[in-house]
């Protein structure tokens, strides 16, 4: 009961601020929280990244194995994306097999990477129809303070860019950097009444989970979209979201790109 | 509570009618509901059939794959029968892995087909000890108004008779009709007091689930039997059931055979 | 409620006796219940043993299969130990997948056998890197009157000593006795206040599950230890346990060895 | 498996124009046990939907004291696709069930049925691209057939980008080889599209193409909406006869 | 694996006549923790059965306010068969558990124990054809040992058609290569067979052969029934000494 | 894969002496959502621990009216080891979770929080031998950070027998090729080792070596204990600034 009341108070507060044209943490409506990216943090993984989006934290690790290609794509590598919403990351996550939320998270991140063709899968063919590289992208949530989706997307592409294909260990040639040719970025917004709140934090989501995720590629094409949450969205609102999301993605992409290049990834340099 | 009362009233009504020598839907005690069979309804399946038994509806689809034979029958194909009591078909079915009822259903249908040797499994050997055809018989309940068992049995053998082995698609020769050499028919009855109700509808089963299924082949041999339900059966009652079931099976078999031949299966003709 | 009261009374009684320097069944504190071992009781298994430890009863069956070795030990056979705490054995066991107790049981028994190198795994290599023997040790509890752990350990090593490798059946040479080169024995004690109760029976465990299992090999080396139960153990108490357990193991080992040699295993003689 | 040309002489592989739906067939009230039901064909898709409820929810702690709990289960029959599908939910069907439920939840007047449950079960008997939209269309009709109060009808359709063209209601080859696929569902009330209830997309489209796709989807949805209404009407007319 | 001749010179492979049971051994009260228990051998089958209850049912919503809830779990030890069996229930054991429970339910006087549970757990330590009937025989004795009130004893046995002959209590080769297998259980009261509690069959038999099989099963069941009674008696006589 | 020499010129492969720990780094309060948290590195092990509670337990029948219910979940990230680990608990992690929980249960003052739950979740982000002890060290600190009342601090470390020597805090090669591994946890209160909270061992050691190992573990644990205290202090000093 007390928890319910707390939730009610929180929701009322968030709504009153929104109606006053403000967000509770003082951000502009189209402003992301601070994005911090660190790559190469898991030496045992082929690639890895820790992303902080405000207080939200996600680690993505990339592992690679040699396996058989799918029959209908005999000359292409395989991507398998998995998300674990471990109970460490939120009081609402429970141990157990993936629920619909972690499945949706994994699949939307996967689509951004897959549809932007960020990974050059043909270069991951070892022997046509017989042996290809399987890329496991494992999303591991650490702290869910809202918008795990975008934190995971950024962590996933960053980890891929950090990945070295361990060909030597598998006895199939020399190690090489995973061939990456695009940089998809997802932008998730909360739709509240007539307002769009980009990168909602968890307290903001106490008003409802009316989310829209739009992922775009380097050239500003849309590569994945997902309406998530039980709500109805006005058509015009969607068009507004569309333009906004592609614009914000560009901004975040530059920010992340800078960090990936930057000297702050000491551990990354050696690889 | 109201549901319980409704059930009580229904049971009392059914019982009073039975004691008066009548069934609630006016059928004779040894009378099946109307049987309607349509084959070839799922073009993507190798064979299929929709069976209506009164309001009870079941679809069976047959899919085939190439696989390894069992070590002790290296020159024989494999039949795998599976039943899904999906929650669409009855307010009492719940989503989840197969429970004891769907397992029993699948296994009894399977035994009728297997023990009558309806499918000539030796003709499904592609390469002895290496490659054989696997026949997947998937029973999909749509509407459970009682006696899913017989509806499923009829649908299963009808779908098998409708099946073309997709040898070309698997690159192992030319397509051919699945070799069928028997026509097993199951007859399920409800035992109430001293009465035998053939092909019970669901309302009749409100008096208890005292069922007996007897499957016989074209020559009137018994190929499978299953007492199902928590009850005791008098020996003489069983002998009565035995004779009755074999006789009814003959009748149903002719009925179904007519329909399978008949022109009403437009879609079936091309195959 | 009545059950809780019963438990309380039982616990108080056990504690009062212990404080009076006695065990409820009159045993000395360092005394095992009677150990009875019968081997070869399951003719269809490659090896088997039934162990009674007082009223506690466990059957272990050993089955062997041919399979692939682990990549990092290409010339060694594989041991897989599994325990089923079937609901037949205790009112507190429930049907279902192995819980933490049965997993712990299997793993501690496994460690005793594995770490003492009781089975000469190199002799179970059929073809390096390709084919090795897999030894399945299945622990099947029948009656849990306390200390399933030691009953299972004794049954496991006894069953292994009873095992014939079925090479002929698998077409890889002649049958031979499973090569055994050590005789690990676990000793489990209950720690109550300042007292150590070796081989606790179930009623004694009503005072708590403060257990310590110490497994030693033929030469008196420690090969496995497991503190089990939510309690804190004084360091000196542990040293006392250590010396005691190794000494008791020696005694039990001689006892079991006698029985395995002895004529009382009629069925064993033929193998 | 090389990509075939999907548009030849301004026509699609099955002869349709860009803005043309596949043939649709809708039957209402096809099941006896369910409170509402619908059989729907859309091209080679064969869908059957059932609605149970409002009914009691077990166990009790799953009840919501303020409104009905909606369940939506999208399920494919093992024989519905080329390669036999293992029975039971996979990751794809879990996701589809989620977004489909979320499309219906704001449309169903849940507040009218506190503590109760409304279950929507949809079975794909044969799949041929666009199953999630076909299922939603069948589910909407089954909900009406069950007498569940709603703010309007949910109608869904996919659009795709195929050989550079935005086309309506892609069939299997277009889905597989096309550049993008975008399933959309709308809330339609009084013959008016009111809002978007479901929206997903994967592939690659410019922002302009997405907008064009939405416009095309609206056009397609209105056509389907009319067929949904007609099917419902036909049943009730028949019943009154 | 060619089918061997199963009947030679009018005798079965193990030397038995057509109407002869395999050797049976029954011990009552072999487990301490269970409320009732029984160890039974029938040929090479080695079975152990335990009964718990009547006892409380958890969680509560599984209770039946008007009678006891019966559970029956048939389980094979991994080492009980030639090829190691993966632990846990498979489809076969689920079906056997169902029909076995349904054979006992009408015999146990469930109404005497409302809200409680009676659990029958049966482990197959070694299997050699006819395990389900051997298990039921052991379960019946364990129920008596537990003091559970029953309308009589359930006694089970299989018959088979083997090389054209109807034979009693088939062993493994007869089960595997034979033409038909028919497990039957009877309710026996006051030394009289009253009714059929379990009946299954697979294979191929004429109606006449089925009837002949039932007659033979009755004969076999009566023999087993006497051994069940004797085993129970032996225990209680011993206890009184 | 031949066993390498693990001790060369009296030094271990990574240059450590026999009684030397790997470098340790501890950070407190690294997560926002959790009530207490800790990030810990020990050699290449990277561990993150979170504590939730005392909080309500659902469903109710899992509550204990007399004390808090403790859960402990040890989990390895799929990318934490050389060969990708399938997500979800395996037998090893179930056992580790059990003995770890049992080490903390007698130390946490559970009686102060009847009906409530205290959850300790520990994720291994990278594994390099000794994860269970590193996890317990992180968990202890997270419990303090969450303000959970305890009788002291639980501090854990492993010792091993390697090329005949008893060494402190084995790293991966020593664990894999060594003769024995013995993880130990102590309850430490007022700078004093009070008792043993966890003890496991596998390998082969004489009784004397086991005793020597315990002594060495105590030495190592005291060092870690000081680092745990320091890390906690650092956070609270920072907060007061």
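For clarity, chains are labelled A, B, C, D, E and F in written order, and residue numbers in each chain start from 1.
In the analysis below, a contact is a pair of C-beta atoms (placed from the backbone, for glycine too) under 8 Å apart; a residue touches a chain by one contact, two chains touch by 3 or more.
Note that the structure is predicted; figures quoted are calculated from it, not measured.
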Those chains which touch subunit F and also touch subunit B: none
Length of the shortest touching-chain route, subunit D through to subunit E: 2
Of all other chains, the one whose Cα centre sits farthest from subunit E: A
Farthest chain relative to subunit C (centres taken as mean CA coordinates): D
Whole-Å gap separating subunit C and subunit D, where each centre is the average of the chain's CA atoms: 58
Centre-to-centre distance between subunit C and subunit B (centres being mean Cα positions), rounded to whole Å: 49
Chain centre separation in whole Å, for subunit E relative to subunit B (CA means): 28
Sequence positions of subunit A contacting 2 or more other chains: 98
Multi-partner residues of subunit D (at least 2 other chains): none
Chain contact topology (line, ring, star, complete or other): ring
Successive chains along the ring, subunit C then subunit E then the rest: C, E, B, D, A, F
Sites on subunit F touched by subunit C in the complex: 1, 91-92, 94-95, 97-99, 101-102, 105-107, 180, 182, 187, 193-207, 210-211, 214
Subunit B - residues contacting subunit D, complex: 41-45, 48, 55, 57, 59, 61-63, 65, 82, 84, 86-91, 95, 97-98, 136, 138, 140, 142-145, 202
Contact set on subunit F toward subunit A in their complex: 31-34, 44, 46, 48-50, 52, 55, 73, 75, 77-84, 87-89, 119, 121-123, 125-128
Contact footprint of subunit D on subunit A as seen in their complex: 72-73, 98, 100, 103-104, 106-107, 111, 114-116, 212, 217, 220-235, 238-239, 242-243, 246
